[in-house]
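Some structures to go through are shown next.
The following pair of complexes shares a single chain, chain A, combined with chain B in the former and chain C in the latter.
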Partner chain A sequence: MPELGRAALVAALGLILYAALVGGYAALRGRRRLLDSAINALLAACAATGVASLVLLAALAGRDFSFEYVAEGTSRELPTGYTLAAFWSGQAGSLLLWLLVLTAAGSAAVALNRRLVREVLPWTVPIVAAVATFFALLLVFVASPFATQAAPADGAGMNPSLQNPYMMIHPPMLYLGYVGLTIPFAFAMAALASRQTDERWIVATRRWTLAAWTFLGFGILLGAKWAYEEVGWGGWYAWDPVENAALMPWLVATAFLHSVFVQEKKNMLRVWNVVLVAGAFGLALFGTFLTRSGVINSIHSFTQSSIGPWFLGFIAVVAGASIALILVRLPLLRARTRLESLVSREAAFLYNNLFLVAFALTILWGVVYPLVSEALRGVAVTVGAPYYEFFAVVFGLPLVLLMGIGPLVAWRRASLRSLGLSLLWPAGVALAVGLVLLALGAGSSPVGLVGYTFAAFVLAAIVLEFVRGTRARHGLGGVGWVGALTGLIARNRRRYGGYVVHAAIVLLLVGAVGIGGFSTTREAKLAPGETMQVGDYRLVYEGSDQRRGANALELRARLAVFRDGESLGALSAGKNRYLAEGETSNEVGIRTDWLRAEDLFVIADQFNADGTVFLEVLVNPLVNLIWLAGLVFVGGSLIAMWPDAREQRRLAQRFADGGALARA
Partner chain B sequence: MAKRRNPVRLVVALSVAAALAVFLLYTSFAGGATASLRPSQLAEHRGDEVSLAGRVVGPVTGDARGDGLRFTLRDIDGTATVPVVYTGSVPDLFKTGRHVYMKGELQSGTFVAEEDSLVTKCPSKYAPKES
Partner chain C sequence: MEIVALLLAALLTVALVLFVARPFLRPSAQESDRLEQPSATELERTRLLEERDRALAALKELEFDHRTGKVSDADYRELVGPLRRRAAETLRALEHKEGAERERHEADVRA
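And then the complex of A and B:
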């Protein structure tokens, strides 16, 4: 079996190399049949990688400990779900997943745009293949998942903190996001290399970018949910380098998704867009590098590995090649239209981009500064959460404000007077909400109060847009209110899907401010029968017990929870002692009040010999809006992504006419 | 045809300037980052707030929720050590032999860690079961 896996990987490497070299030659010389052959090689490489993945999956399912990879990441007692998820819990498996998703997405993107790729953007094929070559080389020569050994009696088991349902899907989501960003990158670079710098590459990859961005964003939130439940310190995002690794490409991709509107509509920002797409891809590679290299002190750096230098080298090559290509093609990318006014939709998109990119860059600086400092000054340093939080507020609040204003500004040139009029309602709502919250005592966190006021402003602006649009459609007659609303959304999927995503960001903001600015913490050492009061909640410690779970000893403190004298039932929190792994893991107790979106969060930090327990208890208001935001976010993205026959016809018409924008 | 004056450039230039200003403002009042040291380097930073990284050496005694958890931290690749006293939450993976880091300062020969600042690095590989 391991031979089959190894052979499949070697075959994949060969096919990918063929696709890269022959594809490159075909693109250079305009040989279409050779290009077809390269495309077929890419498809075959995807199949070969699939075979290798199946071999690894079968070895995991059969707990075949003669595979080093299986023995290092699983054990006999590990539940089957986690055993299969061990596919991506280690380094070699993660790389294999990267390659699988990359060859699959690359093949699909090329196959679905076959005509465009063959006739206009032949360089797409060798560029996708070149990226894949790097991963295939690593898998064959540096980090093979198919290394074998004399099978030990049992495996070493899985890191207990990875034994969480969210951790099963969080990594693949991130990888789908990272890898997905390869597609717009490859098309953009192909457009430059092929001298076809019109926006066809954007149109062809719009849904790919959106999908990758959605996976990445959802993956980040799944990781936050995992951290909240499993790492269990009471927060949800810690500005850890590995968390930031995913946030940076997401922010840059967010900027890209907005700025393409300006290129499509006004044919501006063309250099900027290729820079953004290359930046997002570079940061995705950097993210994988950070996660997998253990170069930075981080709780999440699961591996201290040999692939670090390879990754840095590859990132340098990608960055160098992209910058060179962009510089060489700069004359082709010159805009022929200019920004007419600083008060216009395109200007609002520009501001949005600047804030997003500035935020991403400050995060990047915080992540690499420790390395730079160590290399240049010999002093290693750490950059803490206050740094990131400062910039999250400084750049985040204006971004939120822009989310409310941007959609209401006219393209080209808007008068401040008409803009003021259209903002009257949202501003009024925001002011009212702000005053009410102030009266309720939200002034304890000034930043939080400002955040909530801005959130109200954006929500009001979004609702206003929906109301106006629906009323206009209803006014045309023939449809009811519901029909008018669904028709509105169906006819402008990008726009209204975008608004739904904006609403999700507002929900995220409200939840994040709730837990960040208004949570309550109490600590107490309790003997059985003693109570503690946290916010509205009263907890009675009833005692502790221990039982044998599937693969761990489960120690739990039993608590009875009351609020306003009314019993809310039992809650338990404790620790799991994992047997095979010889590790302990905190298992926090969370009681969610769905109506208030509030969590009672109990950490049983320490069990003492005398029967007492040290509890850390938090009341996290509104935190569940963060998770709700994840679902709304995906919903909005799906609306924006949903296939639209009308749009297809419009685009086909535009390019068939050789319309004004088609050729640069 | 294209005029040299482009408002986009103006906006970009102004915002770069603004971002730099904000950045300088921040680093000037918050100091930005704390030094991250090994036990062998601590002596030069007596009394400064630093981040200390090293390997846990036993015995681990005391109560992290009482008068403090006491253990020794050793250079990850070296022999220099420093006694540590720590209060607050102890991460799941904390035990002898693990690589950890925490914030704090050196006070009369002992590294006094900030409350709740202890972080354990996830071990990269699990040693085979001891049995």
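And then the complex of A and C:
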């Protein structure tokens, strides 16, 4: 039913345009019924986009190759899971997902905040709708998923790299993150437009921002896991432009999540916060542009298309309008308090923000420079991993250190003596860990050694925070130690959830340093029966075999793995020859040792006619802490996001009092 | 199939249009079609309430940091005075505003 899909998209475009124009008029003129109608239009657009999405899903499930989109991205032999995931693996489908999530999130955010930010809401609706209009226009006029053709006998199939379970969930996570950042952006701009620059827009969007940031961060890690397993070079993050495209808004959103505390506690950084929100949203759009326009060569980019100029135009409009609005409302945003001391929690947040934003801008320059060079000078240049790794160390290590210092510094100001006393234990632990590691030979990677020492410092500081807080609550009486700990977390969810997220970043750091600084690589050409030694592991090549998989011919080298003379079982690595797609992919063999968090990683580079195989084998120490970090990160975010009924009541009362008492 | 699709599309469009037009079709419970704008008094009151909550939260935070040993006794003594004064000033300002509003309201009723 492509006609139904097309009609639903046209209806969605009409409704969103209505919501943008009528909503804007209602906000300008203060018309209640028009605003209600615009809100309904946004919700109706979500329903229409949902119908269009169902039509596309039905076409994919039925492998209806009369849909060009279905024929280009699937085949009869493609397993059903990947066939349905083709919804977001192509250009038009991913834009449809953007629109669906945006209209759903926008409608939900408006519905949930009608009372809290009633004066801001009239402007929120047209801003969300204006962003959605852009995507609806693209879907109707530039990249429709409902273009039809005479159905071919079979589809072209899916890019083999995309046929990986992580790829089924990684893109939607990123989109949820990108789209989610629209909500704080829309509320922040609406607060400026309506001159309601008090704390309410922050309260209204707090969980939306956290959720978007969590989806984005988790999506980045899922993408890394996919790259680790599927691209098969033995690494996990290649500073690829598309990877960086997601990292930049995440870094800026991270800065915002910290600096917003300063606004809440001290009423400072008000301009900075709206700049960060606008920056994170702009970078999310830029990330989508990079992924979808085909302007860059990337292992994550699967599209060459004509939507690039549209995106650039839209990003320019968003940036121009945001800057103009912020400048016009600058007098309303002026801070009413000042930084009392350079040694205080708010100062630590400020330093953290500077490092995060500087890192994001450095990455942005690395991504943009090749594009600028090619456009202006016609010279193709590449900014490689060493550039990013240098700045990751320059900005990353101080950030890690601040993660440990920040929580131990008091708000307003702390004397150097009390700060020194607070830092004593974590610094002692860090020093001890550093010396032990040095004695164990970790000095082979100086950066790694410093990273691990800082990681120990942060972990010790987090543990100290939990211990001190629990002891203080227990000291109040009437509650046991477990009750004191759970009460501590429940009453300060954002703070202690944040500490869990910090612990996740430490795990990530330990894993990244492990694989980056201490991995071992060996290459060998083996005949059946021959062995090779890599670190503690001995591999015996037993021969190769080939079998027919669901939609590919699977060629595998069979290996027996031993460590310290003990058999660890079999491992296979090889290549898949995809029949419909006519492409070949590397299928690496990974043996995980969960106790050591270590991977034995085998790439079968080449199978020779004489029965030999060329193997590249890596031992990646601690790499699994990176994936564990993803789970801890989500856990910490959930704690921070979990609704606190007491706080909700207090805020509701405050804002109700503000209006009701004034009218009394 | 095409006819069915077109019929479904038409039904969908009608349903969506009706939903969008709903605010104009039902008698509004609100007396006025105007969106309420906060008065200067309301804005000032919201600002003071925010300030009150901020001051009280800062005091609570300082007490907790002192109990956990993050803030020394000397630092605590130095910081707690200004924070208490700020909280008291905000509460006084709120009471003053409330009193003034009550008087104005009573004057309006008498008139």
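Definition applied: the second predicted complex is superposed on the first by the 647 of 664 C-alpha atoms of A that agree within 3 Å, B and C clash if a C-alpha of one lies under 4 Å from a C-alpha of the other, contacts with A are read in each partner's own complex, and residues count from 1 in each chain.
Here is the rule we use: a contact is a pair of C-beta atoms (placed from the backbone, for glycine too) under 8 Å apart; a residue touches a chain by one contact, two chains touch by 3 or more.
Fair warning: this is a prediction, and the values are worked out from it, not measured in the lab.
Colleague: Looking at A:350 after the superposition, I want to know if it touches chain B, chain C, both of them or none. Which is it: first, second, both, neither?
Modeller: A:350: touches chain B, not chain C.
Colleague: For A:521, using the defined touch cut-off, is the partner it touches chain B, chain C, both, or neither? Pick first, second, both or neither.
Modeller: Touch partners of A:521: none, neither chain B nor chain C.
Colleague: State whether A:614 touches chain B only (first), chain C only (second), both chains, or neither.
Modeller: first
Colleague: For A:584, decide between first (touching chain B), second (touching chain C), both and neither.
Modeller: first
Colleague: Where does A:161 make contact in the superposed view: on chain B (first), on chain C (second), on both, or on neither?
Modeller: Only chain B is touched by A:161; chain C is not.
Colleague: For A:572, decide between first (touching chain B), second (touching chain C), both and neither.
Modeller: A:572: touches no partner chain.
Colleague: Answer with first, second, both or neither: which of chain B and chain C does A:66 touch in the superposed model?
Modeller: A:66 sits against neither chain B nor chain C.
Colleague: Using the superposition on A, tell me which residues of chain A are in contact with chain B and, in the other complex, with chain C.
Modeller: No residue of chain A touches both chain B and chain C.
Colleague: Could you list, by residue number, the parts of chain A that touch chain C in their complex?
Modeller: 1-4, 7-8, 11, 15, 18, 26, 30-37, 40-41, 43-44, 47-48, 51, 118-119, 122, 196, 198-199, 264-267, 408-415, 417-418, 421-422, 468-469, 471-472, 475, 650, 654-655, 657-659, 661-664
Colleague: If you look only at chain B, which of its residues touch chain A in the complex?
Modeller: Going through chain B, the ones touching chain A are 1-3, 6-8, 11-12, 15, 19, 22-23, 26, 30, 32-37, 51, 53, 63-65, 89-93, 101, 116, 119-130.
Colleague: Report the residues of chain A in contact with chain B in the complex, numbered from low to high.
Modeller: 72, 152, 154, 156-157, 159-161, 233, 268-269, 294, 297-305, 334-336, 338-339, 341-342, 347, 350-351, 354, 358, 362, 369-370, 373, 379-384, 386-387, 390-391, 394, 525, 575, 580-586, 603, 605-606, 608, 614, 616
Colleague: Which positions of chain C touch chain A when the two form their complex?
Modeller: 1-2, 4-6, 8-9, 12-13, 16, 19-24, 28, 30, 32-39, 41-43, 45-47, 49-51, 53-54, 57-58, 61-62, 64-65, 67-72, 74-75, 79, 98, 101-102, 105
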